[in-house]
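What follows is chain A paired twice: with chain B in the first complex and chain C in the second.
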Partner chain A sequence: MSASLEKGINALKKEVDSTVGAFFSSCVNCGMCADACLFYTESPSPSRTPINKTEPLRRIWNQEYTLTGRIGKMLGLAKPVDHEFLEKWETLVYDSCSLCGRCSMVCPVGIDIALMIRKTREGMAAAGHAPEGLIGAVTRSVTIGSPMGVKLPALMAQISHVEKDTGLKIPMDKEGAEYMLLLSSMEIMNFPEFIEAIAKIFDKVGVSWTISSEAYEATNSGIQIGVADIAAELVQRIVDAAEKLKVKTVISPECGHAYMAIRWDGPNLVGKAFSFEVKHILEILDEFRKDGRLKISGKETQKLTYHDPCQISRRGGVIDQPRNLINLFTENFVEMPEAGKMNWCCGAGGGVSSNERADELRLKVFQRKKDQLDEIHPDGIISACSNCRIHLEDGLEEYNMDIPLLSLTETLAEHLED
Partner chain B sequence: MKQISNDADFKQSLQSLSYDQQRIVATQFVEHVLALCTDDRLKRVVDTGLNEKATQDDLSNALKSAKSITFDCHTRCGAEGNWSEQAGYFVARAAIAALTPEPQSKSGGPAWQAAMSSRMAQTSVQIDSDSSDLTDNKWQYKILSDFLNS
Partner chain C sequence: MSEIEFLNWVRGPAFEIATVIFIAGVIIRILEIFLLGRKTNLAKPKGSEMSGGLHTIASRSLPDKYSLKRSSFKIISGYIFHLGLLVTIFFFAPHILLFKEIFGFGWPSLPTPIVDAFAVVTIITLIAVLIHRLRDSVLKFLSSAEDYLIWFLTILPIITGYMAFHRIGMTAPALLAIHILSVELLLIVFPFTKLMHAFTLIIARWYNGAISGYRGVQS
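Up next is the complex of A and B:
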């Protein structure tokens, strides 16, 4: 057995716990998860059934931790877990799954299949069967602090630009600030107007906030690729910065998986409760609304809809807040069919967007989103995840649909009362 | 002779222009930074934006083309960023701002938005060259002053 395969198998063994055992023991092979997965419905193949994507983990559980499986292994009847097998599963685990969690919602016996696929990725990555794009993103996250290689001088240049345009000061490393804002590299590189929007809103509302020069990156590619140690290291950087600056709340920006990583997985990854709160930017903005601090003027007359990012709505539970905020500036809002916790993924989450090999499939499964949009024909789509936003734009272009994409935070800032 | 020398006057003067005039000035901003985008299609977009006699169909097609360029130029999530290439993305976004129909235009208007994206394109190039000398905006003031005085 090669060293990398041994590492992979050990990583899979490490992932097997009572939860995994209970889940695999409970699966009734009903196949309901298949119809909940856009990678299956839009590109049907039995292999793309979500529970099947966990087969590497299932084999290890079966062969190492069940009586029948162990006897079968002794008799040489066990199906192998070797490089050939893992290589075959790599595209199922990484290219054909955005970790959106829709499969977990429909499982009649309550298996969190998305969690199981994430656990499977731990073994795949350790064995060296992960996509090049994700490996690069992880390497840059560890060495530079950003999956896209955004260094501090680049952030400072963008901040300087925003400060010049708005006349507002972006507070860096301000000790004792109430809020510490995290940013995704996507926002820094592709959507710097998000920083501008935050600066304008926070100035109007009058809150004390800051960005840490030591931990400004919100995303966590360690989770996407499935390397818990790296994921924990990236979370710890944020924890250290927040504790150093003594902030009360860390804000996760308009990025789906970043919220999942820092809000829900973060404390478990570092093994202790945070000394601060973590909230998504939409939760913060909705608190301002509730307190009457967010003064909005003017209404959009176009027919607008909202795309629920999976990790924010389904996995994160932030469903009402965006709608409360959207109601402040729209008079013609329309929901997509299956909106909210059962919304269909854009198809690019969970590291799929970093994986060029998956491009063709990613655009093919966008058909599901197109079908949703075709039922309501909106004039514009609002979202709260930079990755969803850019992939929706890409998909709309591919399918010749001319529908503008809007950031919720940025649109809100456009409607601030003078 | 009106001379613009600061951002407050710059923004106010841009917003006092008609929507069509803003499109022309905005496209001139794009033209100034056009060399930062390697996509040849953008030159045709600029030509259309500068054409005072362009029809709605011409403008609509040019907008579509500019949008397509941004999809080709943006840095994908998780990919290694190249700020020089990213400059092209912001030039294309400036073109989108210039050509977006009035009802969909963002606050500040098309010319202001195009000016901001053009500056961002220059900032991107300077990030890549590790230059601390960030953009000066005098060239935008001159374009607007010349337009107002023409």
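Up next is the complex of A and C:
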């Protein structure tokens, strides 16, 4: 990734389309997005107002694509887009935004602010103003195949543990399987129980599935940092593997942005509609439930709640499925205030967790989640994103709260009828 | 130029010029948006762009209860002055006569004392909005000269209109001329500033809702 200001400006220009034009034309600087953003409410600095984070893109749009902006530029009135300016914006665009999209839901004129911040990142990265932590994750994704540097032998070691524990075979590279499972590095390293849960559930339901040894990584740091070429390359690896194995459906695991990356951005990044379907694991499990293929026994009696991962619920549209599934195995399920599409982000999505520089801030803004949890005092929190899960655990520890985190898929697997 | 001549110029040629700039400007700005184009989404849809888009055009006029609590001043003051503008511009009998002259059709007006009350409330609210903008740290930070300019150009016609109706300070023709002039100023500046949101918010809301709707999220 050789970066330059020129590349940055060109990348921003490439991001301008009619949505950007309509959005910027409509902003009246009302500031309501600030009230919707946990990075502002928990650490109030006016510069963290979501719409302000899009300023690099706004300047380019205004100066290059509007009549008044072009006249202003000719008269020498245009505000500069230079390294000094972009550098100032780097922490706003990367450290102070998890792309959670809550701002996009409250904007009275309807601006999809999170989308515009995502677009702004394309210019920031191309100009060389992306955080070290994310650059490292991207480099590892391209060279090793995983943002955390997880190599195939590490996955195979975890798989052999799972096989020993369950007595079930994890089908690798099985051609013609119905489902191809993707995993996040976080799951491979920290939560191999997820693989175990999938093996048990899919065995009980009786479907054929596989993991590709060539494309098992679901996450896409190219999207988080905002480099479309790299994001496309990472998606292409999955497309190639899915086509090679002739699978019907690719499963996005318990990871928020991976779902956004492969389900919604993927085909647009590679410039081709997929020949297979992409579904989130929660969608697959809910289909099993609907078809009566999930036999569940026993109910959790403790008070449980569900943390909606932003990219799965608000940005991804998978909101009812987790609740349908949770109802199968809980009898005391309680929603947090503002749950569902308006849920508050844990604070670590959108690449924030890969960016060590943002560690302090992400724990500070966790206060928002704490407040939400304090309203209902649950005995456990279920989620469906291992990034949320790790950060929630971090945050709870930081705030001395002792609430266990549960994976939806894993908890469901524990309740399978024998 | 006598007062009457001035009034005639303001009502005649000046009004025509302002109207042409307004209409041409709005068309240019809207074309400017659509000509940017938008790539076709290649991901398989899970819902409808159209129903999401239409839903959001309507639903964004109503805040959710939590936002209402968090941004109460912005939302309530916003409702009041927009409603005030709607009533004073479109439901004042003399204005409707003018629209009838231009469009060939009119609509029922509201009693003058009611419109008058709306004008007063709108002026007070807009002043409160300005004070809020100057005092709130986020708004102060975000605001550019343009924000203050459009505030001024918005309140001016209501103040001059109020003065013209109550004949405050000057002769009736002079007051009316100033009022019309202030409206013309607003019309000329409108397309090239954030005032355009009155039109473009429909497009913006549609896109926002369409993006969500496509993914099966109701926004």
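In this text, the second predicted complex is superposed on the first by the 415 of 418 C-alpha atoms of A that agree within 3 Å, B and C clash if a C-alpha of one lies under 4 Å from a C-alpha of the other, contacts with A are read in each partner's own complex, and residues count from 1 in each chain.
What we mean here is this: a residue touches a chain if its C-beta (ideal position, glycine included) is under 8 Å from a C-beta of that chain, and two chains touch if they have at least 3 such contacts.
Here the structure is a predicted model, which is why all the values come from computation and not from measurement.
In the superposition on chain A, contact of A:Gly206 is made with neither chain B nor chain C. Once chain A of one complex is fitted onto chain A of the other, the partner contacts of A:Gly292 are absent, as it touches neither chain B nor chain C. Shared-chain residue A:Asn387: touches chain B; no touch with chain C.
When both complexes are overlaid on chain A, the residue A:Asp35 reaches chain C alone and has no touch with chain B. Using the contact criterion defined above for the overlaid structures, shared-chain residue A:Pro404 touches chain B, although it does not reach chain C.
The larger set of touched chain A residues comes from C, when the choice is between chain B and chain C.
Contacts of A:Pro147 after superposition on the shared chain: chain B is touched, whereas chain C is not. Of the two partner chains placed around the shared chain by superposition, chain C is the only one that A:Gly21 touches, whereas chain B remains out of contact.
Shared-chain residue A:Gly76: touches no atom of chain B or chain C. In the superposition on the C-alpha atoms of chain A, no part of chain A is touched by chain B in one complex and by chain C in the other.
Taken in their complex, chain C has these residues touching chain A: 28-29, 32-39, 41-44, 46-47, 56-57, 60-61, 63-64, 66-67, 70-71, 74-75, 78, 136-144, 147, 192, 194, 196-197, 200-201, 203-209, 211-212, 215-219. The part of chain B that touches chain A in the complex is made up of residues 7, 64, 67-68, 70-71, 74-81, 83, 86, 89, 103-104, 106-107, 116, 119-120, 123, 126-127, 130, 134-135. Touching chain B in their complex are the following residues of chain A: 133-134, 136-137, 140, 147-150, 153-154, 157-158, 160-161, 164-165, 185-186, 189-190, 192, 221, 224, 302, 348, 351, 353-354, 356, 380, 386-387, 390-391, 393-394, 397, 402, 404, 414.
In the complex of the two chains, the chain A residues touching chain C come out as 16-23, 25-32, 34-36, 40, 44, 46-47, 49, 51-52, 65-68, 104-112, 115, 263-268, 271-274, 277-278, 313-317, 319, 337-338, 341-342.
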